[in-house]
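Naming follows writing order (A, B, C and D), and every chain is counted from residue 1.
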Amino acid sequence: MAERRLALQRPPGSITELREIPLKLELRGITKRFGDLVANDHIDITVEPGEVHALLGENGAGKSTLMNQLYGLLQPDEGQIVVNGEPLVFKSPRDAISAGIGMVHQHFMLVPVFTVAENIALGAEETRGGPLGWLDRRRSRRDVIDTSKKYGLPVDPDALIEDLPVGAQQRVEIVKALTREVDLLILDEPTAVLTPQETEELLTVMRSLTDMGKSIVFITHKLKEVKAIADRITVVRRGKIVGTASPDTSEDELAALMVGRAVSLEVQKGPAEPGDPILKIDGLVVDDDRGVRAVDGVDLEARAGEVLGIAGVQGNGQTELVEAVMGLRAARAGAVRLDGADLVGLSTKKILGSGVGYVPEDRSHDGVVKEFSVAENLILDMYDRAPFGNPIRIDGSKVGSNATERIEQFDIRCQSPATPVGTLSGGNQQKVVVAREMSRPLRLFIASQPTRGVDVGSIEFIHNRIIHERDQGTAVLVVSSELDEVVGLADRIAVMYRGRILAIVSPDTPREEIGLLMAGITGATAEGEK
Amino acid sequence: MTAETQTPAVKKPEPAGDDSFMNVFLRNLWSANNVLLTALSVVLAVVIGAVLIVVSDAEVLAKFGYFTARPSDALSSSWELISTAYSELLMGAFGDPAVFQAWFAGTATWQQAFTPLSETLTYAAPLVFTGLSVALAFRGGLFNIGAQGQAVLGCIVAGVAGFSFGLPIVLNLAVALVAGVIGGALWGFIPGLLKARTGAHEVITTIMLNYTSALFLSWLVIQKGVQAEGRSDAISKTVAESAQLPSPGGVLRVHLGIILAVLVTAGVAWLLKRSAFGFEIRAVGANPHAARTAGISVARTYVLLMAVAGGLAGLGGATQVLGTAHALTPAVAGNIGFDGLLVALLGRNRPWSTFFAALLFGALRAGGNRIQSFAGISLELVTVLQALIVIFIAAPALVKAIFRLRAARSTGLGASLAKG
Amino acid sequence: ACGEAPAETPAASGSTAAEAAYKACMVTDLGGIDDKSFNASAWAGLQAAQKEVSNVDPKYVASSSEADYEPGLRSYVSQSCNFILAVGGLMGEVTTKVAKESSSSQFAIVDSNSGNSNIYPMQFATHQAAFLAGYLAAGYSKSGKVGTYGGLKIAPVTIFMDGFADGVAHYNTVKGKKVEVLGWNKASQNGTFAESFIDQNKGKSVTETLVSQGADVIMPVAGGTGLGTAQVAKDSAGKVSVIWVDQDGCTSAAQYCDVFLSTVVKNIEEAVKEAVVKGAKGETLAAAPGYVGDLSNEGVSLAEFHSFDSKVDAGLKTELETLKADVISGKVKVESASAPK
Amino acid sequence: MSTATVEDLTEVAAPEPFWSRPRKLGTALILLGVVAAGVFGSLAPGEDARFTLSENAEGAALSIHGPFGAVLFGVLTVIAGGVMVAGLLKRRSNLLLVLGILTFVLSFLCWQVAGHFMPLVDTTEGTLQLALPLILGALAGVLGERSGVVNVAIEGQFLMGAFAGALVGTMATSVWAGLISAAVGGVLIAGILAVLSIRYLVDQTVVGMVLNLFALGITGFLYERLMQPDAQTYNQPPQLPEWRIPGLADIPVVGPVLFEANLLVWLALGLVLAIHFGLTRTRWGLRTRAVGEHPTAADTVGIRVRGLRYLNVLLGGVVAGIGGAYFTLVATGSFTKNMTAGAGFIALAALIFGRFTPFGAFGAALFFGFAQKLAFFLSAIESPLPSQFLNMLPYLATLVAVAGLVGRVRGPAASGQPYIKS
């Protein structure tokens, strides 16, 4: 049965020869050290053909490190990789690829200035023969279109990667792996930037792949997905395997296993006590980098003591909206008022200084300076202000004591305040940003994708801090493409679509309805509040 | 609120001082044996230099022609040649023991004994400034090839101020120095502004400004009012005595510039490490996007940074004119800007390392003069030696590999092969 | 490596020669020893002196920047050189300073005169020879246009160009012709400069521009850059000829001898040689009046025509001889703002 | 899937801000045009400006009354600017810009050349001649840079190439042997650059700068030891012959420049095309660019990052080495110390000016060459400007062009960063 479908579904110009033998993978005693840190400590894992093997673990548990070794990007210090009973050494991804392994990386491995088709072709280019290796772009494009049709993952072969929203980039990564006809596919947090629908589609693709006898290693922080797709679950903590579980295990149990303590997956919050409006946006119009209208006349109001969630599929103008509020992007028209004072035209520094906290959506690009220490990152936008310094000089001891305090308060896991932030795990980098932005009295707190790629323990923590901030009377604006997150945190939800606010609904609205709004389909119910 | 109930943060080892990422990185790179490494780098350069010296000497080379017949000839003469060359280099940079003895015996003056050191410091002083200029810009993510042009402008403005105003002592010097800083700052400000406003790449603009300033200087020195009276060649009036950097005089050319260099290095170190502007520079240099998001104006930082860097290079030019040259000529700035580039690179863009790199370059220049004049070894060879020393010091991994100190690259691969 | 070892020589024989060694030491200007200009000439002078008086021991140190002048001079003082030569007017101040402090050493300088008693100045009325060259060029030119350009706009360069322009002007007055000079305007003291003494490619390009404007005799005053001019002349297969400067082109750039119409010789070599020889023989070198090379003492001259000997017509040759005599006698005045004062 | 992608969003057309780039540039052109028509027109002597189609005063010529030409072209500049400001011909705004600048330059020339003549063949030839080493050097830079290795050692490669070409060319009395050894000389420097920066992870700028110093020292030293004492045997290389393609060489202006030329001219032009198409159309190019933009991504699809970088840097060495050969085997017939005189740095600037592309670098080099040739030309026809200021022309023109027209240049993202695998 599986064989037949395999033959049927084989795309017309598949790149790699089809392997008849299913792939069984064993990792034996894999150990990897970075200096004193043991990222992987004698890890044993077996992946059977045709199964989805989920890897769970906190940020920094060592999941990506393990997979990078399996893919030849890193070399293990100890241990063996055994494929179909044969121990193999992967010196580079080339070796892994030829062994039939493919990987979708947590951080996109896409060349931003290339088109989708170029990225997908890279490394396995179609050429018109000859010694020059003249590229056959037509065939490359067709391959992309074929694969994308076959798996229902729409991608435009001619779009430049840098112009694509992250969700689309993620699809490109997946298509790239699929065109290569691999036997074992590693998916490292592929769903972190996908919408619920997209995630659903991906799970379907994964099922069809396993039906073909291929195996999948699946890494995610979303327990629902694990339960929905995994055949087996391995949980890693601090580099060691701390247990295996079956898909029947409850989410709470899984979470506890990952983090080592009980985690509440629901946001714990009392009812909001909204006060006066603090942020008022009127008729805001903003263009994106290419001069295309991204925000097209948005009116919004955020009140003290409430969380206003902005739901929407990534790329519908949320980014530009927030950047315009923060003075990082010029507003073409409209007004943004904070406590009645206009923010349009003010510098980011002034805006931050007037009591606004901001967690940008792309933390490694915009949130932290990786070369800077944790302590320095904790004052990145307050370095020239009391108590840390003045426009001339920075008080080192204040910076140090602040760091110690925040590290304690926000449970940032790092070796010391002097550790460069770049060596922290993503979740902890995020906590650094959140800690910094919450460590001064705020009128307005804006958080974009506050928990993207963050483990459940940290999510719980960050959510609690956001609610805490709300309860102190700050107006909070949470932008997230994660519907669960918006629904859990917000007191009111604005759904954004193509640069406009389609509706403002209450979090009790049925999810399907909000989902439809996010897709641009307005029903009769939603208009009420507007 | 949940913080208290959570597992305590990972054990926090003692903070290792307020080290930057660079420091941590370097420490790892150099591991425990960095003194050894530096020494070995110099040894390597010296050995290769020795080979060149021998190869380039026809007489000694001829003796290798009958090496099998009488190896002692070739070996002893090579040894003699090499040891003279290097001892001259050292004596030219640090001091001649014979002269010290003579001084103790009363047949030479202390000035004579300290001449070599004075020379080293004289050459080093402007390089400290231009080196700092390049280093500072680098820390902010800008490649300032323009230190040369900025130094030239510093020379011009300081020089003109030095012979024009006739202010009283101290004040005249101060004004001339400040003028030099302003001249350089202006020449740095232009590419900074262009970068911030139009995005023009600083490498192109500064290269172009280098040539422009050199041409401007060669035009200026032969203009009436600037050209020295009664002279037909390209030399300006002499800087007033009161505007010259004080110096012991006589054989000792060293001047106040080197003290200034120490102070300015300390200032730049403070600026980078403790000041708000330094924080901005480093943040913009490491991640301009994050800096912008945190409210730092990247454009303003670029403009100010280039102006400050230009000012530093200008100060280098000013010390050259007010300290050693005392008059403007078309080539008065020599090569201090380009040498400053190497100095900064060698000092890995950290202020005090740059300072010491400048001292090393000064020593090589001073020693190079002596090796040329006493041992008759060509200036070109000294240049090659300089290049070799910089290469080896900048490439510790190479030195390690040559001496098989420790696998130069990650051992991961070898280990996995051995065990897998 | 299998050669025969020479017989061991007794160590004594070397030291007798060294006893009376007359150390003639020179500090070059920035162009270095191979600048195809005054450094090269001065060095040639030292070597020539050694040929004449065997105990002369010549050496040099090259300056890579102006800051090297002083240590260069001083290190020769401390090596007790008998004759310390500074090459180039820009070394004037420094030489005076060092000479004052080391009153027992004998210094000499090219292209400068400080009046210090222990500095022997050597200066050259180069414009006189260049004047003849201008006359020659004007007379030889078929196109009625001649050209010149400089390396940098500095006095030792423009003095050649001044003389050249005057020579052409003189030819025009005498003959009632209208030969034009391209690349230098004596009145406005402005003209064409390559801004380099080494960049042959620029020299080539500048020359091609002058040639395209019609010049067929060109005098580059630009050291190595001038080789580019010689190359253009060589490629032109006889249409363009070159007047070289400083040292006779047929010795200093022998591969291009075919294209050199003549050379404006600034005989630094001879002057230096004579000074050293005098010094080595124990004669005193009087600082005043020092040495001023002009047409009368062959300190500057127009070199032989070499391969052009047959092409320059006899009439022009005689006129040049007469003109030379007239300049020497003062009948014809040649002036330049850059001339030694 | 029902997600909205960017393609959908592009339907929303945005009104541009009024002061768009073309409008700003157009305004600048109008100002320039007014200056040209007014100032140049009134300063121009009332004589004809002749542009001869030969390399000297002879032959056919385009001739125009100086003041008239200056005003005419100035007005044309104003018109080009006006069209841009009016927002007409939006698609062609680059063409308009080029036209505007061209007419401005022509107006300037009418002023300067009035009463004189400008030989166009000589101007074009000189432009190409001055640009030729810059083209080759910048192409070498393109090769390295696009694969992620910054090459600031172009100057060193030039010098080594020039030296090796002269030395071997003389000793073998073969210009071809000289050319090959020049390439080898360039590769030598490139090899050190590659090994130190790719394998030993030394900062690429540091290595490059030091290699410039090293090449200067070593060639200067060997020159002193070998060439200077005995030029006959070591420093008189044969010259690259000039070939004439009958027929094509008779095309006015372009013919004598392009089709009566030496091999290096054709090689340079060929390389511009070859590298352009190589980079954009071949597997090698795609991989090279990937390695320069995102080496880890390239690695994950099985590309040998370091191998490709080695290859490209060494190829760059070949090209720059040949660029060096230009100095000794084409421009002149001998090597002298430091004879490249900073051309490598100008090539570096041309590379960035040309946005790291072969055509861009080519254009930038020509631009520079033209400005320099123009400066020589103006000084030869007795322009009243002091020679030092005329000689600033190429540098200032580049500065203005880069600031005003080119703007932000984005280099390959991974350029300058070593690829470290742990």
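Following the convention adopted for this analysis, a residue touches a chain if its C-beta (ideal position, glycine included) is under 8 Å from a C-beta of that chain, and two chains touch if they have at least 3 such contacts.
Here is each chain with its UniProt name: A = ABC transporter; B = Nucleoside ABC transporter membrane protein; D = ABC transporter permease.
The model shown is predicted, which means the values in this text are computed figures rather than measured ones.
When the partners of chain B are compared with those of chain D, the chains appearing in both lists are A, C. Ranked by how far their CA centres sit from the centre of chain A, the chains are topped by C. Between chain A and chain D the centroid-to-centroid distance comes to 44 Å (mean Cα coordinates, whole Å). Annotation: 75 Å between the Cα-based centres of chain A and chain C. Between the Cα centres of chain C and chain D there is a gap of 36 Å. In chain B, the residues that touch at least two other chains are 215, 218-219, 378, 412.
Residues of chain D found to touch two or more other chains are 223-224, 337, 386, 388, 391, 421-422. Multi-chain contact residues of chain C (touching two or more other chains): 32, 153, 195.
Pairs of chains meeting the touch criterion are A-B, A-D, B-C, B-D, C-D.
Against chain B, the residues of chain A that register as touching in their complex are 35, 74-81, 87, 89, 91, 260-261, 326, 328, 347-353, 358, 360, 365-373, 375-376, 380-381, 383-384, 389-394, 396, 400, 407-418, 420, 422, 460-461, 464, 468.
Residues 1-3, 6-7, 9-10, 12-22, 24, 28, 274-277, 279-280, 282-283, 286-287, 289-297, 412-413, 415-417, 419-420 of chain B are the ones touching chain A in the complex. The residues of chain C lying in touch with chain B in their complex are 1-6, 25, 30, 32, 59, 61-62, 64-68, 70-72, 74-76, 78-79, 89-90, 93, 101, 111, 152-156, 159, 195, 337-339, 341. By the touch criterion stated above, chain A contacts chain D in their complex at residues 34, 71, 73-74, 92-94, 97, 103, 105, 108-114, 118-119, 121-125, 127, 132-135, 152-154, 156, 159, 163-165, 167-168, 176, 195, 197-198, 201, 287, 291-294, 296, 313, 315-316, 332, 497-499, 519-520.
Those residues of chain D lying in contact with chain A across their complex are 1-10, 12-14, 16-17, 281-284, 286-287, 289-290, 293-294, 296-304, 413, 421-422.
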